[in-house]
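Got a structure for you, questions after.
Naming follows writing order (A, B and C), and every chain is counted from residue 1.
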Amino acid sequence: MIQVENLGHRYGDKTSLKDISFNIAAGEKTVLLGSNGCGKSTLLKILDGLVTPSEGTCRYDGEPVTPGRIKQGPLRARFRREVALLFQNPDVMLFNPTVHDEIAFGPRQFGLSDIDARVRHWANLVGVESFLERPPFTLSGGEKQKVALAALLASEPKLLLLDEPAAALDPRTTGWLVDFLAELPITTLTTTHNLSLAPELGRRALVLDEAHRLVYDGAIEPFLADIDALIAANLVHSHRHRHGGVEHRHFHSHDWQ
Amino acid sequence: MHIPDGFIAPQMYLPLYGLAAGLWAYGARRVGRDLDEASLPWLASLTAASFALSFVALPLPGGTSAHVTGVGLLAVLFGPWHAFMAASMVFVIQALLFGDGGVTTLPLNALAMGFVGAISAYGVYRVTPERWRVIGVFLAGWIGLFLPALLIALALGAQPLIAHDAAGVPLYFPFGFAITLPALLIPHALLGIGEGALSVLGWRLVERLRVRYRND
Amino acid sequence: MTERYVARPSGTRLIQGRPSDHADTTAPTYLPYAATASTEPGAAVHPKVRGEQIKLLAYALATVVISALTEPLWLATALFGVILLAGRDAPTLLRRAILATLAFSAVVSLAYIVQTVWISGTIPWKWLWSVNLRVLVMALLTFVFIRRTNLFAALAFSRRLSFMLVLAVSQSLGLRRTLDDFRLAMHSRGLRRAGLRDRYRAAAHAAGWLLDRALANAHESAQALQSRGLFR
């Protein structure tokens, strides 16, 4: 479904991605792990055709993905519908007067039928059916995230890219999101630096290190068990803490051991 | 301080709405032409910033403060049309969402503070020579506050002339130019100094920051 | 299965993990929406939107009419009508309307009383009633309108205008919340009695932060709209 080859990206003189290659097959649930500023968001934006890579290529169903190609190339008619990106801050993506219009936006934009029934269907699934008439920005952070998710899914994408979807959620909503995504029968690529969530969000891990390179590609559990790899990717921390009466420091994560 | 509805006569605010509508239509095209498809979210964010700027307290001596308008700063940074459109949207949001300021005073505010404020600030900034940029920004902040105050003083002072009963008793805002001009111009000439100073500081910060967003 | 994992050029340190058994075929407990029996295309305009637009129009007309009234009796009648319209919300909204207009109205009214008493020795009762009632009715009407209408839906006759307003307002609220935090943080750090210079620095920092945030939001939001297919 997605083929990424020797992808690189620079913002001015700052490198944000370097020599990244991987493929994603339809149906896979993949987690993109990396510390802050390692280029995760940029990679998602390149995959979504919003940012042009400086080097290498990214293909969707064999067709190169760049902002220009999506407007004119063979992907024009379907890319925006089939690939959806959930931004980290839902405020930037909610722009309709009511939650109803927000969810209806995609289906209307892409000319689908049964708009109202679709809206009700997705609103029920994410549990925002009681706010349909309210403006999205009057909702709480978790509700906004749910509305944004419903709005994207209403266009029935084939690939869903999620940028730190749980970063601003409380534990209960996070639990809900993990279950919801697990049951979603489409391809997903989710970024996170939360190791406790990572194995729940996908079976395969792609890991970026602080040099903006891909350092691991494979099943997630072995990676999470490899403390050296975790240290190298800056995904665990070390600080003073207690085990019974003993106080010492060692590398660990609070969420996954 | 916002002028509530009920002080401006329809004989004045209806024609002003007509004038403002024309400028909004032209401004929408200007903003759209300059900025391609990103203009919509861009203007939205600028509006949000300009709305929030009105909550930044302008420090005055003695621990008191007044409110910033920021029109001069926005005009210098993003051009007069963007500043005008963003300021107008702020007045719409304030009036129709939060009930601050009126809907009949909206065109007056938009034309005075938004349009004249932004155009005069930008003009002053552009005519100052390159090496005196800081002075240009300061003057832009000052005039962006002062000139709108002058226009609003004129509009208020004209109320008794355009709307009075047979006996000459005013029906809306009751004071003439002799009172509105000094009452608004003297404090705003002084407030403008603070606004100008803040514009310079804000301008320096943003010039340093925004290099980051030009990249892709 | 492994061929999907592209071999890396030699010299890089990619750890090639064991491929995941990635066919994540958990039984879906939900199904994507499938077209139901009714296949008529969805309404282009949500029915709610039309109603909101009528309310906006009615509000605009009422505002013009009330702003043209100068007889206190008519204005009192209008006030009564708007209070009826407000229904149960009347006390709250009336209080808000009074608070929103009090400062300006009181200053102008008192100054005018002083002026007329000084000049002619009379109190301008008719002016006081007419202007203060008009200001109150118009403010109350606005608050009733705000309470009863979704402005964004009402302005949806221009899709772009309504999109832009929603984006602007949602970002405004976020920015304002952080600004409040700036102010509180300054108090918390004991800078309350800071000198004028420090207060200017703090205000400029807040202004700079706002504009920086706005630039970042604009950038993100443009990408989000593009991603959702707005500019196809």
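Heads up, the rule we're going with is that a contact is a pair of C-beta atoms (placed from the backbone, for glycine too) under 8 Å apart; a residue touches a chain by one contact, two chains touch by 3 or more.
Since we're looking at a predicted model, the values are computed, not measured.
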(request) Give the identifier of the chain nearest to the protein's overall CA centre, each chain being represented by its own CA mean. (result) C
(message) Need the most distant chain from chain C, centre defined as the mean of C-alpha atoms.
(response) A
(request) For chain A and chain C, let me know how many angstrom lie between their CA-based centres, rounded off. (result) 29
(message) Need the CA-centroid distance for the pair chain B / chain C, whole Å please.
(response) 19
(message) Distance between chain A and chain B based on Cα centroids, please, to the nearest Å.
(response) 41
(request) List, in ascending order, every residue of chain C touching at least 2 other chains. (result) 163-164, 167, 169, 171, 174, 217, 221, 224-226
(request) Give me the residues of chain B that touch two or more other chains. (result) 41, 44
(message) Can you pull out the residues of chain A that are in contact with at least two other chains?
(response) 51, 92, 95
(request) State the interface residues of chain A toward chain C in the complex, per the touch definition above. (result) 5, 19, 21-25, 27-30, 45, 48, 50-51, 67, 71, 76, 80-81, 84-85, 87, 89, 91-98, 100-101, 104-110, 113-118, 121-122, 125, 133-137, 151-156, 182-185, 202-205, 213-220, 222-223, 229
(request) Enumerate the contact residues on chain C facing chain A in the complex. (result) 4-6, 8-9, 12-26, 28-30, 32-33, 35-36, 38-44, 46, 48-49, 150, 152-153, 155-156, 162-164, 166-167, 169-171, 173-174, 217, 220-221, 223-230, 232
(message) Can you tell me which positions in chain C touch chain B when the two form their complex?
(response) 60, 63-64, 67-68, 70, 96-97, 100-101, 103-105, 108, 111-112, 115, 124, 126-127, 130-131, 134-139, 142-143, 145-146, 151, 160, 163-165, 167-169, 171-172, 174-176, 179-180, 183, 193, 196, 199-201, 203-208, 210-219, 221-222, 224-226, 231
(message) So in the complex, the part of chain B that touches chain C is made up of which residues?
(response) 1-10, 13-14, 37-38, 40-49, 51-53, 55-59, 61, 63, 65, 68, 70, 73, 77, 89, 92-93, 95-100, 102-104, 165, 169-175, 194, 197-198, 201-202, 204-206, 209-210, 213
